[in-house]
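Each of the next two complexes has subunit A plus one more chain, namely subunit B in the first and subunit C in the second.
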Partner chain A sequence: MALSSFTTPSGFLLPSIHSAPPFFTEQPNPRTQAQFTAQWTRLILTYARHRKLFMLRVEDAEVAGGDWDEILRNERINRRILPSHLSSLLDTMVASEQAAFEPPKQSRAAIIYWRTPEEWADALHAWAVATGQLNTILTFYEIADPPVPSPLSGIPIPLLRRAVTFLVKSNRAQIISVADGEGVRLFAAK
Partner chain B sequence: MALRRYTTSIDGTIPAPALVYSDEEVLASQDNVGIYDGLQKAPDHQNGTIHVTSHRLFFVHASRPHALSFAMDLAHIVRTESYSGLFSSSPKVTLILDPDTAYDDITSISASTSTLDIAGNVGVSDQVNFASWTCEVCNHRNPPGLSPTAAKVCALCGVPRSAVPSSSSISSSLPSSSSLPTSVLSTRTATPDIPVKGTTSEITCPACTFLNVPSRTMCEICGTPLPISTAGASAKSAPVSRPVTPSGGGPNANESLIKISFRKGGDKAFYAILRRSLKAQAWEGRRIGAGTPKGGPGSGQGTTMAGGTADTGAPRRLGIGIDAILRNVETSAQNTEDDLNDAFKDLDALMIKAKDLVQLAEELNEKLTTSSSTTTEKFRTDTVPSFVSSAASSTVSAGSSRYEQFTATTLVPSTEPEEATFIRSSLSQLGLQMANAPITADMIKDERRWVEELARELAQVLQGSPNDFGRSRPGKAGPGSGVGIMKRRGIVALDEVWGGWNRARGVSLIPPSTFLQALPHLVTYTSPPIQTRTFKSGLMALHTPPYTHTAFAARLAGYLTIFDGMNTPQVAEEEGVAVGLAAEMVDAVEQDGTICRDDLACAIVGGGAGGAGGAGVDVRWVMNEWEGYQWDGQE
Partner chain C sequence: MHRLGGVGLAAFDRQQQSHRSFAELSSELSKAQVDHLQIQLTQFRSALTHFATTHREHIKKDPAFRHAFQRMCVSIGVDPLAGPRKGGWWAEMLGIGDWQYELGVQIVDVCVSTRERNGGIIEMSELVRMVSKLRGVESGVITEDDVVRSIKTLEPLGAGYEVINVGNGRKMVRSVVKELDEDQAIVLAEAALEGGVIVEGTLERKRGWTRERARAALENMLLRDGLCWVDEQDPVHGRSYWVPSAMRWEE
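Up next, the complex of A and B:
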């Protein structure tokens, strides 16, 4: 069975395993399933980074037409991932801190950490430095939805808050309450 | 002689129900019976029907019912014995008769002189009652046809009948029932059912001059009492014509018993009814008060009553009150117990005999087996040397007989001599083929050996006779001839093996626990070795080497590579095993991670509907080719 990788319309290069029907079935054998889960995790993270997708929901496996269709379904081999399978994948990713349920205390939707909060913190700081916004107070919304597109465009507020928390710990930022929510003042690295 | 002294002749052409008294009833009948007079067969009474009524026994001769039938009062019977028969001897009921109640020879006109004095030989006791009479006290007209006892008292007022014309010819030793005869006249004439052959003259009615038949006591027209028929009297008083009684008239044991031989069975039921009838003592029935026979107002006939009557009457008159009921219950319980004891004694005796027989058969069979096994083994070593394995040679004898058990008849190794074959087949047809018999715990004392023997036996059941290997068996190509359960199948679930084994054993079935104990030993006795395998679900199976996990996994990998994925039924078909077993085996391989599943529930179109876990048949198995998968997608 010669499986080959495939490039999606969005320009994403799917791995060859995505063309294998068993890949979409949740395997009872834990070892086999661990292998498949690792590939799935990597696939999800890679695709999320490619498309800059932050949220993955179980609903994405239930209904077609979402952002994730290119990896959750494979029309060429007539296979799709079952919601239950996706749900357990999310569980695994959350457990290995590659994702976090958002909102917390449920398991239907999660923020995919295609960058870890630390990496986001660095990215935020680098962006602030690059755009000359050190020592100014920025609201979370200004960061997540800047007038000029940035690497952080579209970042979910909870993820942003976690990134800022890291900056606060390393004394590179200060959280300030502002009228319309929260604000942050970034400092130059010491 | 008893026959003559206790019975009275009757006309057997009349159906039994018509012969009985009005208060008597026929309880049972049995044909094909013969009568023994004493210990000897009564030559004239060897084929007839016997009826038992509440009062009497009737014997109706089959071919000459008119001449050779008789009746006997149950009152004569002191005791009864039953004999259930043996081989050609028919079951019999012995009636031991009371010597004191025997008719005197004068009154009992011999049955053998039957036809001539027919009127006379309708026993006195019977005839007494066939007349109607008028009670002196209440003037009630008592109907005829009552039994002697019942006829003794007035049906209305219960006063004993007193006006008995003293009959000259009735002796003093009459039984109680006949102690109240009306007269010879009535005796004679009150039996309208009996055809009178020796009619000498009609009786002229003194009032209307109608010529009445001699049997009437009253004129048929006007009801006037008729004068005594002289003809009847002469018949009565003709003792000269009767055969001479044996001298020394004292009744001995032989004379006072009668046996009824049941040539065609029916004795049990008959005997039970007879006993019940005897117990009921219906002939004592309507007697009033205790002392009636002796102390009644009609003391005039006291002289006619023999002492014996009172003696025999007294102990029988127990059928009154709670005491009698209790006694009846006791008696029947006692009878039941006796019968049971007898039956068990018989059974014990039979078992002892049977044991000898079985032992004999066992020895014989053992001899045959040893001789045949040596020859067969020699034969095999000569012809098929390649086959000889230790297991085969050690189990050859058991194997051959196991073979026979499957084919159920006479099959023995063909090298056995003809005679041995014949003997063996005879034994097996008798169900005495001991080597065939399943091994039971009591045959082997040692627990370990018992289990090992069981394993050996099981091996035969599973793999069939070792004789089947290598050579053809002429004339024995019947279906399933000696083929064991696993002869053609590599893996069989344990439940099937257990069921098959117990079916082959037939008796002394093996409980599952013992079965499991025997399994580990199985590998020693089987070739190729059969092993036990427990699946993850707990299902256990026996399998041959090709069905070990690794061997199967290798084969499965081959199938999956060739066919590019298969579902479980396809695997089962390929392997020739049950789908359930195949599923278990495939699951076991999946546990290894060498294969993985492709659930059709994951199909976008078709297959599983909406991902509801209807998996199972829809699962396709494919090789797991992603063990060390290298990421070839987008970084």
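Up next, the complex of A and C:
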């Protein structure tokens, strides 16, 4: 039987390794597992980018029907990643700053950094410039859930906060307290 | 007043004489230049030989270094793998032509780049297929025989590449310096028949092995050598082993 790549219903191209049954087992040989982990990490990041998914939870491996089924399961060969395996993948991704546990101080759910907070900062600034919203006060909710969909639609508030921190450091933003939470005023780059 | 060279027949002789002297001087000068060049060439050659011998162990042990060394050789066009002329020094030493060298480089390329997924053992037909793809030629242009010969000519470099017969006329190419024992060769052969998957029961049934022997061989390949992967979700056998070098990969 040949191991081939496969395009999912959502239009994502799965690599051929995804049709290899052992890919779904945590390997006892550390060198092999390091290789598998690298492939899983790449897969998670590219799939998250494809679907614009921000949160990955260990429970996504426990129950079917979630957003991540297309990569965490392979019905064609009847295999799925086990929760313990996914949990150690999350640990590795957090350790290498490709994800961050959210909320902090637990390890069952994480924000996936398919863009780094620095890249989100640039995206936020570019969006404010393009839509003429410099120098006005924007609440975090207006940014994460704008009336007109933007590249930042759906961004989790903790990730947005980290992105804004980068802009503050480079004098491109100022955090402002507003009635219903946090807000930010963006400036043109100096 | 004394005219330079004087007059008459004697003067003609003297002029001839000075022509000859100049010609001699000029050939002496160019000979010196050629000698100088020869010396430089010899130095370069011995430096290269020195590099090859002092780093031989390193080249042998470290696949990434070996790959880089062979790449470098190609890019500067001096040594083993793509000498600029036929019958050069390396060609004399190793006895093959440029084409064979290039094929050698490409074999190394494929072996190194697939090592992570196959543990350093690749099936011959897969190697031929990938090398053909790399060269952009149709299948059949490069034969198993070419590959075998190229690998043989890589031998003096101490690269450690080896062709292994695993039975049933199947060949595999090993690019890691590691001894493959008899049991492992049998496992490879059996796995190749099943598209890469192998379980203890197959070895018991078809080879008459005891369960312990089968388990030891498979677990060694898994844990010690990284030559196979384990699948713990096999619905029939519970635990099965997958030999990536015997699996059929479509790119």
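Methods note: the second predicted complex is superposed on the first by the 189 of 190 C-alpha atoms of A that agree within 3 Å, B and C clash if a C-alpha of one lies under 4 Å from a C-alpha of the other, contacts with A are read in each partner's own complex, and residues count from 1 in each chain.
The rule we apply is simple: a residue touches a chain if its C-beta (ideal position, glycine included) is under 8 Å from a C-beta of that chain, and two chains touch if they have at least 3 such contacts.
Just so it is clear, the model here is predicted, and its values are computed rather than measured.
Taken together through their common subunit A, the two structures put subunit B and subunit C in a clash. When both complexes are overlaid on chain A, the residue A:84 reaches subunit B alone and has no touch with subunit C. Shared-chain residue A:59: touches no atom of subunit B or subunit C.
Contact with both subunit B and subunit C is seen for A:5 once the two complexes are overlaid on the shared chain.
With both structures placed on the common chain, the touch criterion links A:18 to subunit B but leaves subunit C unconnected. Contact with neither subunit B nor subunit C is seen for A:119 once the two complexes are overlaid on the shared chain. Once the two structures are overlaid, the count of subunit A residues touched is higher for B than for its counterpart among subunit B and subunit C.
Of the two partner chains placed by the overlay, subunit B and subunit C both lie in contact with A:32.
Of the two partner chains placed by superposition, only subunit B is touched by A:42; subunit C is not. With the shared chain A as the reference for superposition, subunit C clashes with subunit B in the stretch 585-593, and the other listed options (153-161, 441-449 or 585-593) are free of clashes. Applying the stated touch rule to the two superposed structures, the overlap between the subunit B and subunit C interfaces on subunit A comprises residues 1, 5, 16-17, 20-25, 27-29, 31-32, 35, 78-80. Residues 564, 590-593, 596-599, 601-607, 611, 620, 622, 624-627, 629, 631-635 of subunit B are the ones touching subunit A in the complex.
By the touch rule above, subunit A contacts subunit C in their complex via residues 1-5, 16-17, 20-25, 27-29, 31-32, 35, 78-80. Across the complex, subunit A meets subunit B through its residues 1, 5, 12-18, 20-29, 31-32, 35-36, 39, 42-43, 46-47, 50, 73, 75, 78-85.
Within the complex formed with subunit A, the subunit C residues making contact are 116-117, 195, 197, 222-223, 226, 229-235, 240, 242, 244, 247-251.
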